[in-house]
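Next up: some structures, all given as structure tokens.
Both complexes below contain chain A, partnered by chain B and then by chain C.
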Partner chain A sequence: MSDQSKQAEIVRQSLKRRYRKERRFRAYGIIAIAIALSALVVLFADIIGKGHSAFIKTTITMDVDIDGEMMYLDDASDERQMKMADFVEPLIQALMREIPGAGESDRDAVRDLLNPYASNQLRDALKEYPDLLGTTQTMELLSHTNVDVYVKHAGDDNYSIKLNQQQREWVDQLVEKGVVDTSFNDVFFSRGDSRDPSRAGILGAIVGSLLTMAVTLVLSFPIGVAAAIYLEEFAPQNKLTDFIEVNINNLAAVPSIIFGLLGLAVFINLFGMPRSVPVVGGLVLTLMTLPTIIISSRAAIKSVPPSIREAAEGIGASKMQVVLHHVLPLALPGMLTGSIIGMAQALGETAPLLLIGMVAFIVDVPGGFLDSATVLPVQVFLWAGSPELAFIERASAAIMVLLAFLISMNALAIWMRKRLERRW
Partner chain B sequence: MNTMNTTVTKEAAMPDETPVPVQEERPAETIIQEGATVGTPFADDPKFKLRNVEVFYGQDRAIKNISLDIARNEVIAFIGPSGCGKSTFLRCLNRMNDSIDICRVKGDLHLDDENIYDPKRDVVELRARVGMVFQKPNPFPKSIYDNVAYGPRIHGLANRKSDLDDIVENSLRKAGLWEEAKDRLDATATGMSGGQQQRLCIARAIAVSPEVILMDEPCSALDPIATAKVEELIAEMSESYTIVIVTHSMQQAARVSHRTAYFHLGHLVEVNETNKVFTAPEHELTESYITGRFG
Partner chain C sequence: MKLKTAIASVAVAGSIAALSTPAMARDTISIVGSSTVYPFATVVAERFGSNTDFPTPKLESTGSGGGLKLFCQGIGTQHPDITNASRRMKPSEFDLCQSNGVEDITEFRIGSDGIVIASSRDADNLELTLEQLFLALGKEVPSPDDESKLVPNPYEKWSDIDASLPNVAIRVMGPPPTSGTRDSFNELALQGGCEDLPAVADMDEDQMESVCQSIREDGAFIEAGENDNLIVQKLIDDDSMYGVFGYSFLEENSDRLQAATLNGKVPTAEAIAADDYPVARSLFFYVKKAHVGVVPGIKEYAAEFTGVGAMGPNGYLKTVGLIVPPRDALMDLQDKAENLPNLSKDELM
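Now for the complex of A and B:
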């Protein structure tokens, strides 16, 4: 056999081995992706399975006699009288009428089907329209959380139903009559936190998160980009800049709770800023996000082809013109992507905010940067730690909202990069 | 300054009187005498007067004691093997080396009797007078119009839109690109062919009306037809500009340049009329190079 044909034989044999290797490697890759995907599917299935029921509320719809005598009220525009009036009685009476079997002795059991805050709905309606006094109105009232849990999770062993046998029968009857009904849970999206799960909403946390993110974005993007441009374009290469670079890279890996401690020590204790407010939360998250933004912005600046820089310099553009006219527009997509990913991290951050008091129980939806607020992940943390199962389902729902925010932010990052990227 | 000139001239003339015997195997380093350039490196009333130029990259001496004059409206070609320092030397002429931190330039470099490396010298003004065209076409990722208009805009050369339009048209005409580009001035420049892009870069350079244009291997990324167009352009431009061109193609140097300078290992070995360099080189290294013994 000649040398050439011998070599060809060797190559042919090694080919088989090479292709086998390639197939094996591909199989590993597919397995890895399958594992990652199944983890994701399990996560989503669990969260959606637990949380989807939180988007449904249980209501009681009935005709309510707004009888002044029963309520000790003859003028609904009189504030003093309104304070003393009994708004619960008309509701109990109305509900008693819907339950034929219920006698006077069952009053308390019937009342416990109504949400403790349902009377507020009647009071608020009367406050707005005093003329309603003396009329009969069809009202849709929030049911008690126990009714809500019973209607939604009657067959589920995980949930303990806190209604007695008779109450269950009543609710079954009412569901059949259409008095007790389920609908989309707008309360969840229009209210702040509450001790009563049926009335607990996520709006406070969403607004708190948005305010905190606004502070973070306004501070961290300009500071981060300016620092990156300076370090990359203007700073001399020496020991000091090396030291700064090492430290920035280090900061990116510092556990976020450390930033929380720093924020507590500096912003709250030293500067005397208020606790639990979005401004301090935003400042702390800015510290946390800055390294990410600086590192990604520097990478984006580095990736601008040096030929463009030379072209501009060769025409006589000054350093500032080169940066502003050429480097920055080309680096911007990368900078924005890095910043949005940094912001998404900050949006999901809990630990540092616990330390600056954003873990407080806050009922009101914050109205400004200096109002006490909580944020989405902290709200999840609060509800997940609650013993009531009705809160657990809301925690899962809050996670879904948080995930929706994160996914839309990442989608925005991809869209922006696609849009701003220039073709070469 | 004067004394220095005379010494350099003497040195340059020396090898003529004592020609070194040629030996094949002798390493180039032993043949070259530092600062001793063969031929006619000096001119009367030069555009660039460069004396005892040395360039260091950190500890490495990339350019070793080069003295050269570049005459007005001449086309001078720098040739030499890779890594001989011709691009480095070219980049000294408009201080493009400034952006390299470890690069230091020593010696006297004068443009029209003004010191280029004067610490007080404004680089922006220098580069407006000494334009540059690079090896790889590097148009900005903007429209054709904006590419050409960029220089005049940043230097404030046109106050009105119509002035700017005129500058753009004239520059594109001079670069021989007007006919091809006039209907798509708003199209992005990166969509053009490589040759068109390089001519656009030339148009961009001449839009600021420089006195000198430095070209760093302007045709190395172009096909022969595009190369021919650029060379034609260089010939036309030599009427109004001083052109310094670095090239790896000796045919190109022969076609476009008036004088040719041969660089070797950071030394300027020989400068002569282009004809003379390619037909009767004075220095043995030049001869070795143009006959293809190394490169």
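Now for the complex of A and C:
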């Protein structure tokens, strides 16, 4: 009797300690989550803080006299004349008119406010509408990157302003007059890469990513699903299939750069496929995503309850009918979810593409599977390594675009699981 | 039924994608090579693409050695047409090219680049001789007590080497061994400061090279990867740190960084072009002549690169930091772009 009460006493005394222990244990969990969340917040704050300004462009809007005499051009439909014409002069003249204090000796300083490619804008306009020659047009031209940096980041220690004192005063005046203005950076979403930060865009990388992903999806999904169905439904249980299963799991853990090496050796050196093209990129990423898709598809097939199979077999369905009519449709949402997550992983991959030449400077937006292309994470990598400071904000902006793609892909996966998955 | 057609169409699309890939004609120039030449070549490529009807060339930054290896792999459109290099082609690379059928090559020397040792503007600027630089960074240096004996580098502070240098720990960030910048730094700066030291002066060439071009591994020299922006960022954050990189990065960040003088010379564009600054090197690109006429625009690209608009005294390459060649050298280059003379092995020896 006294023994029992003694034991109860011991338990009662230790109770407090045990509660404390539990509270501590819970606190550890909360701290872990807080660390993860704060890392995420810091990351996002840094990227958005650095990158948001890349979505704004600086333009110069002014009336340009498209004067043939000034440009040595009297017929804009004549190709030879167009080649030799001076498209910069009218722009300099127009900008000089907007800056009252600028004299003839300031020409070079004034020219340096204009984007080096601004004259191409005038040339392309004339190429399309030769009748514009001799008229005065209001044109919106891109400013020089230095002006862009000054307008957006004056006073920011992380950026060095490359304009001299006089140019800064001019720009301040022009901003006040409304000639120099900022607006949404549509250039960023409508062009390929460029060495001039204010003309650089991510459309080329987005299209490259989409083409590469298309190849990856078209190849890896059917192959992965077929492999999973065979292994799960038809394959005999023996040492060989065990061996295959172990190796599929191993393959999922192989560093992605190895697949790049394989792609270089097999697709490019052996089959003679061209470098830097989405087809090869897609093939390499297919190899990388296949194990993920096979594993998730097998899990999805396994989760279809045996009662469904048995019922189908009970009314006389063949093995193939059971698989195609019942198991596959029920497992498909799970397979799709796994594939989307595999694709999202492939979308963020850079290392294997390094070796097959997709880390390259490519200006033209790719038009097909055999055009040279880069992908979004590669674009981030290239811009982050550029000497021009204005590329830093563009790299961060490209990260934001990439994150938006990844988040929407993951959201799609979650939505599909919620909508389509059947609970048993 | 629907599922079957879906699967079938996916399979058809997949096989089309797989079958349509055999090596085919390419109409875009493919350029590989040095990461130092890359910022200049990309600007030329973009201008070339926007001012002519040819598509914009594709550029990969593979490093000088990697570029030459790809370039020399053979003739055919799966191989690059042009490679950039921040050093001259080695005779062994020339042999590799020859043995793979890449026989006719034209070499273009397109100007110079200097390697600088920079620090934040708030730091003590260094005024070094090449010898002091080697003593600071060499793996084995002459002992401070006995000049003829080599010992593992004992110097911890700059002021240990010479009292005139700042009293801060030696910490230098620089490029990794895969980089052409590192090759040139080893060859021009370290070996330049080391070969006249009494302890190594009598060594044979190989031995001297291995002593002079070994950088200390005790943490004083920090390898920073190919990302020069990272080095710049670190220098600005840390006043006691020094960094090694190409002149164009110094120019881009000139209001935040200052450069150490070497042998009393300040790295300026003029000093580098005149070979006055001791750590200056030439930049090159090589054209595969067998591809001229097969891939459209190669000759025109070479002409654009060597034109006055690009490399003249007011050319656009100058504004991105290339130290352009003097006028008569430029005229020679333009002749080369016109005639594409063959490179011979004797020139490389």
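The working rule: the second predicted complex is superposed on the first by the 396 of 424 C-alpha atoms of A that agree within 3 Å, B and C clash if a C-alpha of one lies under 4 Å from a C-alpha of the other, contacts with A are read in each partner's own complex, and residues count from 1 in each chain.
Simple rule for what comes next: contacts are C-beta pairs under 8 Å (C-beta built on N, C-alpha and C of every residue); 3 or more make two chains touch, one makes a residue touch a chain.
Quick caveat, the model's predicted, so the values are computed rather than measured.
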{"item": "When chain B and chain C are modelled together on chain A, clash or fit", "value": "fit"}
{"item": "Contacts of A:Met273 with chain B and chain C, given as first, second, both or neither", "value": "second"}
{"item": "Contacts of A:Gly357 with chain B and chain C, given as first, second, both or neither", "value": "second"}
{"item": "Which of chain B and chain C A:Gly316 touches, first, second, both or neither", "value": "first"}
{"item": "Which partner, chain B or chain C, touches more chain A residues", "value": "C"}
{"item": "Vertex chain A angle, Cα centres of chain C and chain B, expressed to the nearest 10 degrees", "value": "130"}
{"item": "Touching partner for A:Pro130 - first (chain B), second (chain C), both, neither", "value": "neither"}
{"item": "Chain B versus chain C as contact partner of A:Gly348, first or second or both or neither", "value": "neither"}
{"item": "Which superposed partner A:Asn120 touches (first chain B, second chain C, both, neither)", "value": "second"}
{"item": "Which of chain B and chain C A:Gly68 touches, first, second, both or neither", "value": "neither"}
{"item": "Nearest-approach distance, in Å, of chain C Cα atoms to those of chain B in the combined model", "value": "14"}
{"item": "Chain B and chain C contact sites that coincide on chain A, given as residue numbers", "value": "none"}
{"item": "Chain B - residues contacting chain A, complex", "value": "94, 96, 99, 101, 123-128, 131-134, 136, 138-141, 150-151, 154-155, 188, 190, 201, 204-205, 208"}
{"item": "Complex contacts: residues of chain C adjacent to chain A", "value": "3-4, 7, 10-11, 13-14, 17-18, 20-24, 26, 28, 30, 38-39, 42-43, 45-46, 49-51, 55-56, 58-61, 76-78, 80, 226-229, 248-249, 252-256, 316, 320-321"}
{"item": "Residues of chain A touching chain B in the complex", "value": "236-237, 305, 307-318, 321, 325-326, 330, 422-424"}
{"item": "Chain A residues within the chain C interface of the complex", "value": "116-117, 120, 160-161, 194-196, 215, 218-219, 221-222, 268, 271-276, 279-280, 282, 324, 328-329, 357, 359-364, 369-372, 384-389, 392"}
